[in-house]
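Chain nomenclature is as follows: A, B, C, D and E, assigned in order of appearance, with residue numbering initiated at 1 for each chain independently.
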Amino acid sequence: MADQSKTPIIQMKNIEKHFGAVIALAGVSLDVFPGECHCLLGDNGAGKSTFIKTMSGVHKPTKGEIIFEGRPMDFETPRDAMDAGIATVHQHLAMIPLMSVARNFFMGNEPVKKIAGINFLDQTKADQVTMDEMRKMGINLRGPDQAVGTLSGGERQTVAISRAVYFGAKVLILDEPTSALGVRQTSNVLATVDKVRKQGVAVVFITHNVRHAMAVGDRFTVLNRGQTLGTAVRGEISPDELQDMMAGGQEMATLEGSLGGTV
Amino acid sequence: AGHSELKYVLVSHAPDSDSWWNTIKNGIALAGEQMGVEVEYRNPPTGDIADMARIIEQAAASAPDGIITTLADFDVLAGPIRAAVDQGIDVIIMNTGTPEQAREVGALMYVGQPEYDAGLAAGIRAKGEGVTNFLCVNHAIQQPTVGERCRGYADGLGVELGNSMMDSGTDPAEIKNKVLAYLSANPDVDGILTLGPVSADPTIAALQENGMAGDIHFGTFDLGEEIVNGIKDGTIAWGIDQQPFLQAYMPVVILTNWDRYGVLPGNNINSGPGFVTANGLTKVEEFAGEYR
Amino acid sequence: MTDASKTDAPDTDERVKEMSSFRRSLIRPELGGMVGTIAVFVFFLLFAFDSGMFNSQGVMNWSIVSAQFMIIAVGACLLMIAGEFDLSVGSMIGFAGMMIAVFGVVLGWPMWITIIITFAICIAIGAVNGYIVVKTGLPSFIVTLAFLFILRGFTIYIPQTLENKTIIGGIRDAAEGDWLGAIFGGKIGGGLFEMLGNAGVIATFERGSRMGEPVVDGIPMMIIWAIALIVFGHVLLTKTRFGNWIFAAGGDSEAARNSGVPVNRVKILMFMFTAFCATVFATCQVMEFGSAGADRGLLKEFEAIIAVVIGGALLTGGYGSVLGAALGALIFGVVQQGLFFAGVESSLFRVFLGLILLGAVILNTYIRRMITGER
Amino acid sequence: MADQSKTPIIQMKNIEKHFGAVIALAGVSLDVFPGECHCLLGDNGAGKSTFIKTMSGVHKPTKGEIIFEGRPMDFETPRDAMDAGIATVHQHLAMIPLMSVARNFFMGNEPVKKIAGINFLDQTKADQVTMDEMRKMGINLRGPDQAVGTLSGGERQTVAISRAVYFGAKVLILDEPTSALGVRQTSNVLATVDKVRKQGVAVVFITHNVRHAMAVGDRFTVLNRGQTLGTAVRGEISPDELQDMMAGGQEMATLEGSLGGTV
Amino acid sequence: MTDASKTDAPDTDERVKEMSSFRRSLIRPELGGMVGTIAVFVFFLLFAFDSGMFNSQGVMNWSIVSAQFMIIAVGACLLMIAGEFDLSVGSMIGFAGMMIAVFGVVLGWPMWITIIITFAICIAIGAVNGYIVVKTGLPSFIVTLAFLFILRGFTIYIPQTLENKTIIGGIRDAAEGDWLGAIFGGKIGGGLFEMLGNAGVIATFERGSRMGEPVVDGIPMMIIWAIALIVFGHVLLTKTRFGNWIFAAGGDSEAARNSGVPVNRVKILMFMFTAFCATVFATCQVMEFGSAGADRGLLKEFEAIIAVVIGGALLTGGYGSVLGAALGALIFGVVQQGLFFAGVESSLFRVFLGLILLGAVILNTYIRRMITGER
């Protein structure tokens, strides 16, 4: 569990993001501590993906400040964020189907070795690391040059997560990693999140599933129409309360009789 | 009429990138300057003759005092030219076409060198110089007019055209190597005809490369820097000069004088074929590609 | 359903800035084309007014050129909206003309049979194009590029083998008095124009056999065909269920297929329609000019695509309008002929064309993003 | 609840489907009764989507028989299945972003009116029906010509479902309709399923979420590696048992201590 | 992690039929190109063996033509893998040649300065192309089509305005003795070939001015450039991290961007590299032939794309190989020249080209599906 007395590793202050006429974020603040799993919840279109994209350097916030390890940061590109130690597994997978698993694993972070003063790709290392890491996650590849397009959705998700973990992120952002996964794959991902958090990594976890959130989350921040509805700490909030908040505080369509309360 | 008000338009069938027509542009520009009249040059960008017909119609609509045009395809162009004539615009046919066709469309006269006839003359001359089996390098196979030269040449030699006309494309290295390949596959070829600088220049390079320069009979249409050098060093036997300068210059002069003073030469002007050989090359050399 | 979900709607609106209704009524796929057309006409009215560009003959001149572009642009437009495109249009024009010459002149068949058979052959080639594309899943760029070469090759080879030349004339004579030929050649409205000529509204010939006749003596069938194809294409696209399928096939062929749209059929039919348009173009051309040549139609595929893109269609499919494409063709035709009227150095035409193309697509992209909320 | 004494509206018998070297379905049988919600569950890559695609005419089964309303059926195209009364909302949405909502709504089923003997699109009807149906589902469109690309994911999902319902399907197939939806949107979809089922429509519902399945399902069929693990009836199986089956009968990665059991 | 998940793997394998290891070792992007190359050589060995196609002169003949295609194919290949393509390559070739003529001959600058400045200008134009594509998100088809016209327009306009002609000669004289010029013109290995000639390994001229000299007197720099560019391109693509970025940018630019790949930079650099290759082509050409013409490079953009596609690259990006593209160029060159050696009617070349293109892409698609498991 997070040690709340430490300083937060990343602080987002009053982030706003406008896309032309659309106001996606209207001032969202949030901080994440090392070793904590901070769940980001909220309705469709609440702005969760947009928010973590400003965190990972994909979007530049229209307004607001990002403070990383105590210093104000201004990420120009995803590279900057990655170099600072923020790894992101995006909602729409950041995998290239036609490329091999090894090349995907190291995409943007390719290992190099110098030959005659020139940086060459260290393919043997890349292959070996990939095979090892995938085996650790329980996926036996046919070979490191197998194309990602031949993997199942769950397997791809696993590649993306293990890649992020491998590169020693200080902050790991997961955008709905479990939404398309089967029960078994989901529990694998949740176990990984738990393990990573214990190693002191700060995790930002986005989900629509209250139970998944309750399973690994230390704190829960709910977004609604581009604004925060507040942050709750684990143990201080019941799943039902959380579910109500996630629905934007609005009354939900209820199923009558025996079906009620099982969503 | 005030002198500067006369305006003539020259319409050609050549695509934008065809270098030979440059001399024509220079010719009308010079004539325009000397005669004090306004001249314009127009052509279909891709060399599509159907597009050229539209340009003639366009020229007629802009009501110039005269139109100078080639007759690249009688079928296509006769209608628009006749319409222009009927509208009261004087027309002179230049370059391609024949005197008869010019008369038929109602043009004042014809200035130029009928393509087929020029090819025929070349073929007859080449036959006299011992050519029996030939290669015709056609860099503009899609343009019907220049191909006529190959046909004439074959008829002049008295042989079948058959496979002798090569679709060479315009890339110099490809032309050069296609010629080399053809010559190597057909060792009995003893005469080459090229249809202009675009095909002649790489062919010269090809013959220098395989050592047949000066050995094989080589005639070409039109002139250019490399061709002049080729004639000088004996690679090329002769260049057929149809004197494009005259084809452009004369019509402007004739039309101006016709409009100003009502005088007109009594006959068509054959600007070619003239065979340019190693004798008397100095002027050709100086102005090749510009006025020659 | 429960009532709770009703609150969804204000949700969406609340976070979007308002747009004036005037601005919204303006934003349509054809807007770029309309703006471009106005700009082009204003430009030439200012700089080439007294060059004859706007007398009856001048108007007829750029109208015909634009009509030519329109005929192929309609086909290219529908095909592009259906998500494919056809680089073999130009070669098809050359090929179709040559077929008419070969059948009608060399073999001497009656013209109406010749024309019907040529249409059948060309539409069949279009179908083959389409069939290969939908069956192999190859990009249409590659497949039709192959046909660009194949058809052009035959267009040169066939007449050369048969007749020793790359141009075959005498088609007008062969078509003399043929009923089908008259639908593609010829002009209509002669009486009206004669009246106008007599009334002095349009100029008359000053000499020659046609002295006294009006310089513009009718509307060429080319223009009639262009208008007919535009109307047909526009109605098909916007007013029929097949039109909806065209959009769907180009927007996302997998989704369309899952929804029950016969995507393969739609695409193949559009390839056939494109071939049909190219053949109409070729037939009108040979009927008017009387000869077929190996040089006909060069680069017309690009010109068609450019007209369509200037008209606001999306190269990747699923978006566009026939009216836009027609305006694109009009712009193209007016600029091309207008530069001649304005006396601009002809080699600069290409430079203008490139710049207009760039400007038009950038404008259209901006408009399209506003319409579709695309990101 | 389904009346099990009735004859099934659709019976799938021993369906096999091979893709080149991949055997996606190795003989799956299933029947669905009118008014029943039949849940199809299983791991990633188990073959659920492939299975319902054979049902909806997208794929032709390599082997096996489809009996619809007592007659053997051989769907050549999705059209055939739709004409027979099988409507499908696919996992990867069958919506075209650049097209208007109304055109998407009626895609493949455009209303026509005859003018001078020619079938024209009945745009006014299409617009009106779309506006009405969307309003019923709680979505106020700016206009029927609004592009689908401007809708949120949840809204698009709703369009797809209401389209399927509107066209009076006898069988409604939903492939993971809730996986990307927020809590509120999910409960809307589940309520819709419930409503539709009560009208006597047979629903095939695919999900990875046991709770969603338990909320609306009458029977549960679990697929694993292209084969059925069996069908269970509501009330005869507990959520935990079902969850175990969905994981392919294999032991799951477990979260220790307080986190356990909440997946 | 727990051990349960380990069972995932047999899961995958169990349901996939096995593939022999021989078959798997064969399946690589270049396979189509290799099969094609073998087929083409077998064909011509059978039908044109005694035509001189395979003596030293004949080999040099098709080697040079292939080398030309290779130079532009390498650039087009990397660009295509990066997800874009460039229709302005042909115009760029004409433009670059003309720049050299204008600077070196008309303005009389020293040749090395001329060449360096020409390279700088052309690469800058490539960068502009790329910049417009990445900034506006327009398809590169449209943007580079605009530049196709713009550059060709200037290539005709500039020399005409300056010199009154569209072919400018005298470049060879201007480049005489220039160190940089020699890198693009000239031949190397003359001594070796003379030895071989004297030793009777290669034939010597039997008649004409060069009697006694070996028929092949050196390897043209064109071929050296082709080899150098292929090696460079291949190493860049497969052995460096930048190569990985090229694949990533073309495979899915959004995903690549999110992973920290500088996609815009990669794409712009590839446009610049394509322009570089085109300029190398142009420079070698003007150095060999001594003149620059407004018609140089016509249709070369298509030829480059065809070679690349025959070589197995995917038109939509993210997949391909430089070696494949080189083989594609070789096939293209050998077929084109071989048909002349074999005495086939030359206008049929286009027909063959189209058919080969179609056959090659269908074969390549099949191979690619096996490799990537794509559906």
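Everything below uses one rule, namely that a contact is a pair of C-beta atoms (placed from the backbone, for glycine too) under 8 Å apart; a residue touches a chain by one contact, two chains touch by 3 or more.
Just so it is clear, the structure is predicted and the values come from calculations on it, not from any experiment.
Any chain that touches chain B and also touches chain E is listed here: C. The chain with its CA mean position farthest from that of chain D is B. When chain centres are defined as mean Cα coordinates, B lies farthest from chain A.
A straight line joining the Cα centres of chain C and chain E is 34 Å long.
For this pair, chain B with chain D, the centres built from the Cα atoms lie 72 Å apart. Here the spacing of chain A and chain D, counted between their Cα centres, is 29 Å. Counting partner chains per residue, chain B has residues 16, 141, 165, 167 touching two or more of them. Multi-chain contact residues of chain C, defined as those touching 2 or more other chains: 1-2, 4-5, 7, 152, 156, 160, 347, 349-350. Shown for chain A are the residues in touch with two or more other chains, namely 45, 152, 155, 184, 188, 191, 250, 252-254.
Note for the complex: chain C touches chain E at residues 132, 136-139, 141-143, 145-150, 152-154, 156-157, 160-161, 302, 305-306, 309, 315-316, 345, 347-355, 357-358, 361-362, 365. Put simply, chain D touches chain A in their complex at residues 42-46, 152-155, 176, 179-188, 190-191, 194, 208-212, 214-216, 243, 246-248, 250, 252-255, 259, 262-263. Chain C meets chain D in the complex at residues 1-2, 4-10, 12-13, 238-241, 243-245, 247-248, 251-252, 254-262, 314, 318-319, 371-374. For chain B in complex with chain C, the touching residues are 16, 40-43, 45-50, 53-55, 57-63, 73-76, 79, 82-83, 85-88, 106, 141-144, 147-148, 151, 161, 165, 167. Only residues 56, 58, 77-79, 81-82, 88, 90, 92-99, 103, 106-110, 112, 119-121, 123, 136-140, 142, 147, 149-150, 152, 155, 184, 188, 191-192, 195 of chain D touch chain C when the two sit together in their complex.
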